[in-house]
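Next up, some structures in structure tokens.
In what follows, chain A forms one complex with chain B and a second complex with chain C.
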Partner chain A sequence: MHIPDGILPAPVCVAGYAIAGGMTWVALKQIKKTSDSQVEVPKAALMAAAFFVGSSLSLPVPPVSVHLVLNGLLGIVLGWYAWPAILIGLLLQAILLGHGGVTTLGVDAVMMGIPALLAGQLFQLRHYLGKSLPPKVSLGLFSFVAGAFGVGLSALVFFALVIFAIPSTLEQSTEKSFLTALMLGHIPLIFLEGVFAVLLCFFLLRVKPELLER
Partner chain B sequence: MKGFGSALRSGLQHLGIVAIAMGSLPGVAIAHGAHIQARTATAMEIQATYDSGEPLAEATVQVFAPDDPQTPVYTGLTDADGKFVFVPTAPGNWEVSVRQAGHGDIAVVPVESEGAIASTFTNDAGLSLLQRGIVAGAVTWGCVGTALFFGRRGKQ
Partner chain C sequence: MAVSLHADVYIPGQSAIHRWAARPKLLSLLGLMFAIAMVRHLVLLPWVFGVVISLYLWSQLPFTYLCRRLPYPGLFIVAMVGLLPWISGETVLWQGWIFSLRLEGIQMAALIAGRFLAILTTGFVLLGTTPFLTLLEAMRSLGIPTLLTDMTLLTYRYLFDVANQLATMRQAMELRGYGHSRQTLRRHWNWLAALFGSLLLRSYEQSQRVYSAMRLRGYGQQPPRALQRTAGAALTLPTILTLTAAVSVVICELSLASL
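So, the complex of A and B:
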């Protein structure tokens, strides 16, 4: 899902950095607003580690191979803290593992960070929309939808960006057929990440339910 | 005998005229001809793989000459092993781009005047599985350490 260097034209990379810069400012401002901003740091550090390691584990979904993204899960557990956690995770992935690139760091941050923040908001909707449901059902439903939504939206942004940036010198049909295969490969991943989010939320509900409340 | 000799001569003369006429006709008449010339040239083979070592098969390759980074000189697809062969025709930095479905890489290969890769060029093959494991472990420990540090400060 990471876009490496050299795939996107320069204006797109610059726009990615501009949006990521603005989002970082907004996220840090929102974090500063909280009464004790350091309380959430341990949680954010652990989730950043999970995000970093998640991308190293590739899951073979024939004919392609995809990897965990976990951005929806970060949004659910961290809220606004998900943005800096993802940004740091992506920077380390690009520098240390060669996943993604330095020029595309902004684009990658926007592609994974904004869906994470939206997934966090979606999870909070359970307080309004899930009121009529039993608490456990509401938690399970909204964590699944938010976990799946995060990676699903990121995948859509990825495909839109790559299709938009196919150079005219390339054979369009070959590139598009491989993109279609990769897109289909992400469908099981969307379900998998939804299930993963449900399992983690139920685990937190049992051991430390206050971690789910923001 | 004399009669036969003159008939033979005139026949040969006719044949000669026909042969000259055919030879002097424009290229259309001899367009069926094809020529293959052979010469030795130094080719370069590249191989594209994923981090896992799996080959990047049927990926689009574009090769750019040192003097024009906009228009590819060679384009094509990698084979099942992720390999592609091309001939760098001039010394300088040749750019090779391999991409498939939003994945890929760009390599700049310095070519010397004899068509050989410059001795200073190092082929970065990425990290091995063990190195990746160590990096992932170090980052995870860094994050756990951060969590413990801030966790302790919170309790005080």
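So, the complex of A and C:
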């Protein structure tokens, strides 16, 4: 779910960089406020590498298999560090794999990073909204919602950008139906991301619960 | 693993583009890429390709480098613009059954594919002639926060280690029977979640060892050293020519748009 170079007009790319710059400033400020960045940098960097590599895993969904985006999970595990991790992951993907692009790096970062941060905040809501539920149910519910929300919002932004930013001569109603059809087609992927987030959170709860606590 | 396929992004050489200082090179080529992203008129594409091909030839990068790196991103662009000639536009050029090939759609697809190729090739010139660490140092000298550059350096350094770990773990999983016998989907997914979870754990534990080693070597004990001038002579000719080309593309585009 990356937008390659050449697809979007230059003003959109520049706007993407401007928003990404602003978000980087906010994220770094939050990081400095909430944690000792010297201790956390190696952790965030290696976890970012693990997510980068892990996104190559394909999940069997007969008769096909799908690659996961994992941005919601990044938000769950890394919190505010998810933003620099995604920015760096996208830069490395553009450089090493040619996946995404240099001019669209800002747009791609906004598309993947803001949903990841929101997913991380959603996951934290379990401490307030999930108090009345049994701990395991609360963890499962909020990890599903966060995992699914992360990729769902990214997919919505991706399709909206691709459809509305490409100056085609499609009618507005046709564009809207395309957007709806594409989103409906991605509901299974959104559901899968949610389920995978639940499975991973339960695994981490069993073996290293501190990774889920921030 | 796809990550290891393109580990050799940088191709050493002695061309003027190789010797061009990293900071002006980064800024000039980024400027050119954004100028190309501004192009909306097909008539400008031959000029853009002329500039990009000249840069590529000047960099003396082998043609095989382009051929090796182009197919993977190329597939994405084909998938993304392949529909346009059939759904976008009003002037029908050919009609058969329920399909109609439209002129405006073809023009839009050609424009997007052309911009994509030109920007990607410019990116290859930048990455193929500049070592990644030099590029990172140039970014830092341009004011990118230290936290970001440190994280990028560490992620890049350990990316291949983590990829190797994942390959080893997958092999171990297969030796224990994963994928060889009929298993339920739920079991498959549980295995994959455990595999990914274990990878995260190993990375987390490794990060603690890495941090200890970094502390022992003085990380965080002293302010970051002043940056050395980036490697490479500050050749003004490539900077002037690239920026002139970028500005000419922007001026032509704006002139055509105002017609």
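We take it that the second predicted complex is superposed on the first by the 171 of 214 C-alpha atoms of A that agree within 3 Å, B and C clash if a C-alpha of one lies under 4 Å from a C-alpha of the other, contacts with A are read in each partner's own complex, and residues count from 1 in each chain.
Criterion: a contact is a pair of C-beta atoms (placed from the backbone, for glycine too) under 8 Å apart; a residue touches a chain by one contact, two chains touch by 3 or more.
Computed from a predicted structure; not experimentally measured.
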**OP:** Identify the partner contact of A:Ala45: answer first if only chain B is touched, second if only chain C is, both if each is, neither if none is.
**Re:** both
**OP:** Please indicate which partner A:Val53 is in contact with in the superposed arrangement: first for chain B, second for chain C, both, or neither.
**Re:** both
**OP:** Examine A:Leu211 and indicate which partner it touches, taking first as chain B and second as chain C; both and neither are also allowed.
**Re:** second
Original post:
So which one touches more of the residues on chain A, chain B or chain C?
Top reply: C
Original post:
Touching A:Leu96, do we find chain B (first), chain C (second), both, or neither?
Top reply: both
**OP:** Determine, under the contact definition given at the top, whether A:Ala10 touches first (chain B), second (chain C), both, or neither.
**Re:** second
**OP:** Identify the partner contact of A:Phe158: answer first if only chain B is touched, second if only chain C is, both if each is, neither if none is.
**Re:** first
Original post:
Do any residues of chain A touch both chain B and chain C, and if so, which are they?
Top reply: 4-7, 38-39, 41-43, 45-46, 48-49, 52-53, 56, 92, 96-99, 162, 169-170, 174
**OP:** Over in the complex, which chain C residues touch chain A? Could you list them?
**Re:** 1-3, 5-7, 9, 30, 33-38, 40, 69-70, 72-73, 76-77, 80-81, 84, 87-90, 104-105, 108, 112-120, 123, 126-127, 132, 145, 147-148, 150-156, 158-159, 161-163, 166, 185, 188-190, 192-197, 199-204, 206-208, 210-211, 214, 219-220
**OP:** Spell out the residues on chain A that touch chain B in their complex, using ranges where they run on.
**Re:** 3-7, 36, 38-39, 41-43, 45-46, 48-49, 52-53, 56, 58, 64-65, 92, 96-99, 158-159, 161-162, 169-171, 174-175, 178-179, 181-182
Original post:
Given the complex with chain C, which residues does chain A contribute to the contact?
Top reply: 2, 4-10, 13-14, 24, 28, 31, 37-39, 41-50, 52-54, 56-57, 59-62, 77, 84-85, 87-89, 91-92, 94-99, 101-103, 162, 166-170, 174, 195-196, 199-200, 202-204, 207-208, 211
Original post:
Which of the residues in chain B come into contact with chain A in the complex?
Top reply: 50-52, 54, 58, 60, 62, 71-72, 75, 77, 97, 99-106, 126-127, 132, 135-136, 139-140, 142-144, 146-148, 150-151, 153-154
